[in-house]
């Protein structure tokens, strides 16, 4: 069966409401016809009232996409995707289609929310309950937005940025992830619907963590999300994506693109907690999370740090990467990936050292349980120009149970003798001694695994912003529930 | 898509025993199907064979052994048995195989009754994963045959000397070696690959070790500056067998040495090596350690030094299959880059399906440690000398992995010579 | 009703019989010592009581606090107040001592029907106990037992015992690897916990520890059986005569 048909069959028809803010359009239809063609691309662009150059860019991407083979190198397996059996644009559901209250929401989901300690109001938002909570969050967001605006910070939806700041979008869109980069990113370039846009002006330190969480139009941008963050000279921003609560989405294929640009002395910290629906115990119906994330350290002394906690999705395919162009620039990648049941993850990073004295650090912690497979795949490339470059990589894998697999595939390419590159990897399991010791102190087997795994992941967890870290810790425990018997 | 290229497949297949004919036919089809590997193939990502295609190598003649003297550069092994091959053909005149111990047979593969080869030849190596190894199977003509009966002991090392020799015309050939050790048998095999002229040797070695057998296997690849050396070895280790392998590569213009080992229960496997590159050399070491059964240990250390514009490649994969619980697998790759223009591509890989294992790998690339250099200089040692000392120490560490004393000393001598030449050129 | 009652306990490890019929009764508030040569089954007894996997009970029964102990999982036993001070405390990288102890304490408090302590309350509580054992904040913050010296590990076990306030504590060769100062420190920590409603089972090879933790009863274990029981003077007698005099003897 084609992968998207079962989930997409559920997509409800036209809504009367459309976007809650943004732009007005006189196009009546709220959804494209099924399938992908130039017309689909034109429809999306027109529906979003985009300038001609953006339509042309999308079309270029679409035409190129037609010629591209599916990427084959990742260690994941799934049936071929039927791209024609999918809707590429649909306005959000109207309130009348949403659950009226939490009583109508899957109790299993609510149980998980409770375990994570998520406040009721937020539970309603996450479960998509049609209540005033959404409007509360609008007002909260508006307040923040005003404060940020006073500092010259732009934080808005991608669609809004296209309308309000076309010169910035045009300058930077596709400058880090070109439209022809890879099959998934190219598809995104052709049909992306919305996402976030951030611009931090020169010398400004963004005073709060920017989060998609309270962004009002976060709804229904999940499938082909496009994020662009520009940190101008001397600025700083910390951006949080996703949340620990299991997120539901009716689209099975997710192909997001995130582009980061850091100019001289700028720093971007990008943290992700990904907990999309992983499918049932056999992996049926889970999200395919095929994401292209890349940051360019263009300026001298610039820094980009990726932190990710990946626990969801049936298949995760993502390699948040750094192009270290500016001299002395720094790239960091901290990752915890947990796969249980039938989940598959092929994730890692690329650190491309171009500038002099560029530094990169990679800390990857992979945990595989059940019948899951997990691969760390990472490239460290030192170009001949990268005098004095440094890389340190540590990849540790933990296996829970004898039906899972953990794999480490680093590519280390050095073209400069003054560079120093170090890579270490280990694979082990939770020892019986450790489990028994914890249980002798009163912890249940599941609590014991959670404690031990959190310890194993500590180096990564401590790079998360405080508010994220506590929830992420709980999430690790929850993700592994049922993994030890 | 890039076109598929299948050079070197123009020779007629030699007819022989029906099973060999079938083997050759399948192998040729396999080669034609895959073609000469390109960078699109993951296994050949870092080693480009296009230069090989541009040279008009002549196939070796169907009969007879070409004449060539043993050149300099072989491992110095006094008192060893000797099996000499010129362009893959057994050279009885230069070989020394008198008075072999009981239960030991060593000689030319071409001279062995095909019925005796049937259980082994083409049955050990997965040549379908390596197009050029398949090509070897299609056109193999001769090579080493070494068989030890159960409990047999080879009392001195066997020195396999492979001479790749070309005059006016570039030469290609496909040596095929077979090593069979019965239960509890013990042997040391040292290979020296040397030569002159523009040659393309495409070697396959298959080794089968019985229960509790022990093989020391050391290979020196020291071919001529215009040589292309492609080698594929597969070693199958039965329960409780042990293997001490070392590959020192310093010769050839382009070399790829691929070793695959398959481990039974309670096997001790050591798979080590060193590579020394200068000029425009390209040296590739690719290894695959396949843990198929529980309780085995593998250790792998590859160290290299690259100078001028030399390029090194290390691809080391450890596979731990589902049943291989209690596996211990360790892998280390270290490279020193001595000059601008060098390049090192390292891909140490773990693929693990069993949970009760201890596996790890490490890889480093870079210059000499500044701290160590400073320490030596602070003791009054001049910079150039201090560097030479540290490089020498780095390589001695690698060679020290060789368990057998005489081959270790012989390989150390080759390393020392290479170092002397490096030092001389930097003066 | 005794706190712990062991009747005819037989146990095997990897199919090999190690315990061959142990009978032992410990009343609330009593301190019992089990002494025995290497391989007599001392640690096996401790692990069987704590419920470690791989230690198979082939015959006999154990009643603990009125319940069938062998029916309980290892963590249930711990929450019911049975504590084992390990001979070789386990290292758990990345898990801070305080994090671990807080999780354990709140699991046990939950079982007792008490509310969990918050971070501040917990820290105050632990610091009080830690001070007496000369355990610094730094030790508490470090990864559990990772890189600890032998003495630090044993002091850490004593601290966990003090914090978790068990009903029945089993000390498995707590004296091994300790110098005399560390031994005194740990022993005074243990003695501070002696109470009418708390029993101790002290397992040791040497009489030395019993100079500091004075037992009410001493049992000599040999070949998986208690061959002799007595009061604290038995330990002194054992020290004089050596195990040879007792091994092979019938239970008194």
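Chains here go by letter, A, B and C, matching the order in which they are written, and residues are numbered from 1 within each.
Just so it is clear, contacts are C-beta pairs under 8 Å (C-beta built on N, C-alpha and C of every residue); 3 or more make two chains touch, one makes a residue touch a chain.
Everything numeric here is computed off the predicted structure, so don't read it as measured data.
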item: Identifier of the chain whose CA centre is least distant from the whole-structure CA centre; value: A
item: Far-end chain from chain C, centres as C-alpha averages; value: B
item: Whole-Å gap separating chain A and chain B, where each centre is the average of the chain's CA atoms; value: 44
item: Length of the line joining the C-alpha centres of chain A and chain C, rounded to whole Å; value: 49
item: Interchain centroid distance [CA atoms averaged], chain B/chain C, Å; value: 57
item: Complex contacts: residues of chain C adjacent to chain A; value: 50-54, 73-75, 77-79, 83-84, 86, 89-95, 99-101, 103-105, 107-108, 111, 143-144, 160, 164
item: Residue ranges of chain A touching chain C (in the complex, touch as defined); value: 431-434, 436-445, 447-448, 451-452, 454-459
item: Residues of chain A touching chain B in the complex; value: 73, 382, 384, 397, 399-429
item: Parts of chain B lying in touch with chain A, wherever the complex brings them together; value: 42, 46, 322, 325, 335, 337-367
